[in-house]
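Going by the order they are written in, the chains are A, B, C and D; count residues from 1 in each one.
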Amino acid sequence: MPDLNRTHVQESPHFTDEEDRRHVRDRLIFFSDAVIAIAMTLLALELPVPTGETDAEVWHSFVELLPEEYLNFVISFGVIAAFWMAHHQFFRKIHVVDTALLRYNLGWLFLVVVVPFATRVNSEGGFVLGPVLYAVVISAIALLMVLMARHATRAGLLRPGTPPHALRGLLVGAGTAASVFLLSIPVSFASPS
Amino acid sequence: MPDLNRTHVQESPHFTDEEDRRHVRDRLIFFSDAVIAIAMTLLALELPVPTGETDAEVWHSFVELLPEEYLNFVISFGVIAAFWMAHHQFFRKIHVVDTALLRYNLGWLFLVVVVPFATRVNSEGGFVLGPVLYAVVISAIALLMVLMARHATRAGLLRPGTPPHALRGLLVGAGTAASVFLLSIPVSFASPS
Amino acid sequence: MPDLNRTHVQESPHFTDEEDRRHVRDRLIFFSDAVIAIAMTLLALELPVPTGETDAEVWHSFVELLPEEYLNFVISFGVIAAFWMAHHQFFRKIHVVDTALLRYNLGWLFLVVVVPFATRVNSEGGFVLGPVLYAVVISAIALLMVLMARHATRAGLLRPGTPPHALRGLLVGAGTAASVFLLSIPVSFASPS
Amino acid sequence: MPDLNRTHVQESPHFTDEEDRRHVRDRLIFFSDAVIAIAMTLLALELPVPTGETDAEVWHSFVELLPEEYLNFVISFGVIAAFWMAHHQFFRKIHVVDTALLRYNLGWLFLVVVVPFATRVNSEGGFVLGPVLYAVVISAIALLMVLMARHATRAGLLRPGTPPHALRGLLVGAGTAASVFLLSIPVSFASPS
């Protein structure tokens, strides 16, 4: 461990101290995980309980809630889970963290935190705003991940020895996700259910 | 630490780099813990406060809520706590994590996140849907844990030197839990309280 | 690191493998921290917003909510913070974790999770149930911490070299807290406000 | 690692054992991160869903909620994110943690936990209490961070080799934030919207 660098840590654009470097990266990852885990779990908090006077009515209510409320919950959980895996894949390749990456990541977390809200708006059903807001939020998460990966590559934050194509899978996945959700917007306007 | 492997981490089916291996495992465990902790704590969020005009009425209301609302909360807390212990036991034996295990684990967490919702549905009382949904969710958590353990054994993810019977206790426990809750389903249909 | 022990980890009553030992302890601490942090933050979730038509009315509403709702919140936050510090002090002295300690800790967390609920019941005001339930929950948390410390001492879970009186401060503090809250119970019955 | 110190850890004002030192610091950081992450995510929990009978009405409702509810949410998220970054910067320079720092940090977390509540009060709109409470809470967070930094410098808790001016940026930022929000208080009284 290069202890000699300790005295000028704050002058350095990157964190040259090994313990400090890990500390910064791990805290960023940890904090992100906590936010993602909470957003994921809060999705389930507002799921409506089926109601009714008889078994048949309760069952009917459950089946009615299934396509909109419950399905939207499952989709949002899956979307956040997929983004968690992408975040995970990305940060496995990150060696050092700079302030810009911290800020990108906080912006990214902001959008993740908005997902439960966008899911609720989308579950209201029958209006254009719901699917449009949802598509905008999800696309923005994907696009921000692309920007984050581009910044990390250009600023030399990747682990030494990481080949140039290492983030390609991530970029293709995020780009595809953004495109699909952005393309869903005109569809929402064309056919408000 | 085998630094030599760093350049071909992403080509390797397993993660051969020791630091990376631990990072992946620890992040998976951490993320799971956060989700489980939140699901556990959210259980208590919607507990109804006893109401009434006099001490006697408030006490009566408390006693009335006890068997359904409060008991269901205690049971669900115990169930999630038991699954946390099983998850803990299991991952102590895990040496490396592959993408399939990450996915299994996310599916498992999805079901854990559903437990507070299933508890609320179950607390409505008097209808078949509640206990059936509850039994299905708990059994599915137990069964997914069995599948996860089977995958880990077959894919060689266990710590070197772990004897073949190391996960037996876990499998027997999870299998028993799944059986008990699945067997409770026909009982619910036979005797809706 | 004693790698030789790896093959018989599961037969051992304690965890003799250093990496495994730390992993178990750290995961227990981490999980506890997450649960405590969530319980602490959820306290603020149901704080009532002051209402009114004019500035004077809103201010009046705020002042009225102050002694019961807001003060109860501050007290509960302080109580959980104090227990977190005690938990922290205690686990700094823990070297190995056994299954009994895991179970004690889960029971302890159960009671911490109940604190926001007990606070809400207590904030209803004017009835005996609120302060009694609150006193029972807080005393039980303190008593369980005493039991946990006694178990750790007897089962030899403390760090080597920890002197016998190391946990004395913790025990005195927890015992005092339990006594104070238990003594408040007859007071509640004598003078329901 | 200075194992020799183990027997008198509890007598020492600082924690001289390296493993123990890191454990204490990391647990404090971890716990803080969990609380901050939860407070941040809970901000979004009570965002009102726009309502209406037609697309135009839903859109209108959304636009109406934008300046107060949604903007307040974005500002509060930004404020907590900025404080997280400041906390992060500060604790990167912390070498040892003493009990006073633990207490300061718990007080600081208390105020962070109050932010979602203050945001809700502020979103009610049209009354002086909202902006005043909000300004008081945010200023108090900034001031407490200044006190924490001053204590850490005086008690010698910083990493060896940290130059005296290392925390200057933090202090200037926190001082500015406190001043801005405190100055907003007389403005609130002068011009209740």
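The rule is short, and it goes like this: a residue touches a chain if its C-beta (ideal position, glycine included) is under 8 Å from a C-beta of that chain, and two chains touch if they have at least 3 such contacts.
Just so we're clear, the structure is a prediction, and the values are computed from it rather than from any experiment.
Asker: Please report how many Å separate the Cα centroid of chain B from that of chain D, as a whole number.
Answerer: So the centroids are 33 Å from each other.
Asker: Once you find the CA centre of chain A and the CA centre of chain D, what distance in Å lies between them?
Answerer: Here chain A and chain D have centroids separated by 23 Å.
Asker: Which positions in chain B touch two or more other chains at once?
Answerer: Counting only residues that touch two or more other chains, chain B contributes 30, 34, 38, 42, 45.
Asker: Which label fits the chain touch graph of this model best, line, ring, star, complete or other?
Answerer: Topology of touching chains reads as a ring, each chain with two neighbours.
Asker: Each pair of chains that touch: what are they?
Answerer: Touching chain pairs, listed by label, come out as A-B, A-D, B-C, C-D.
Asker: Would you mind writing out the residues of chain A in touch with chain D in their complex?
Answerer: 6-7, 9-10, 20, 23-24, 27, 30-31, 34-35, 38-39, 42, 45, 102, 106, 109-110, 113-114, 116-117, 120-121, 124, 127-129, 192
Asker: For the complex, give me every residue of chain D touching chain A.
Answerer: The touching residues are 29-30, 33-34, 36-38, 40-45, 47, 49-52, 54-55, 58-59, 62, 74, 77, 81, 84-85, 88, 92-93, 159-163, 166.
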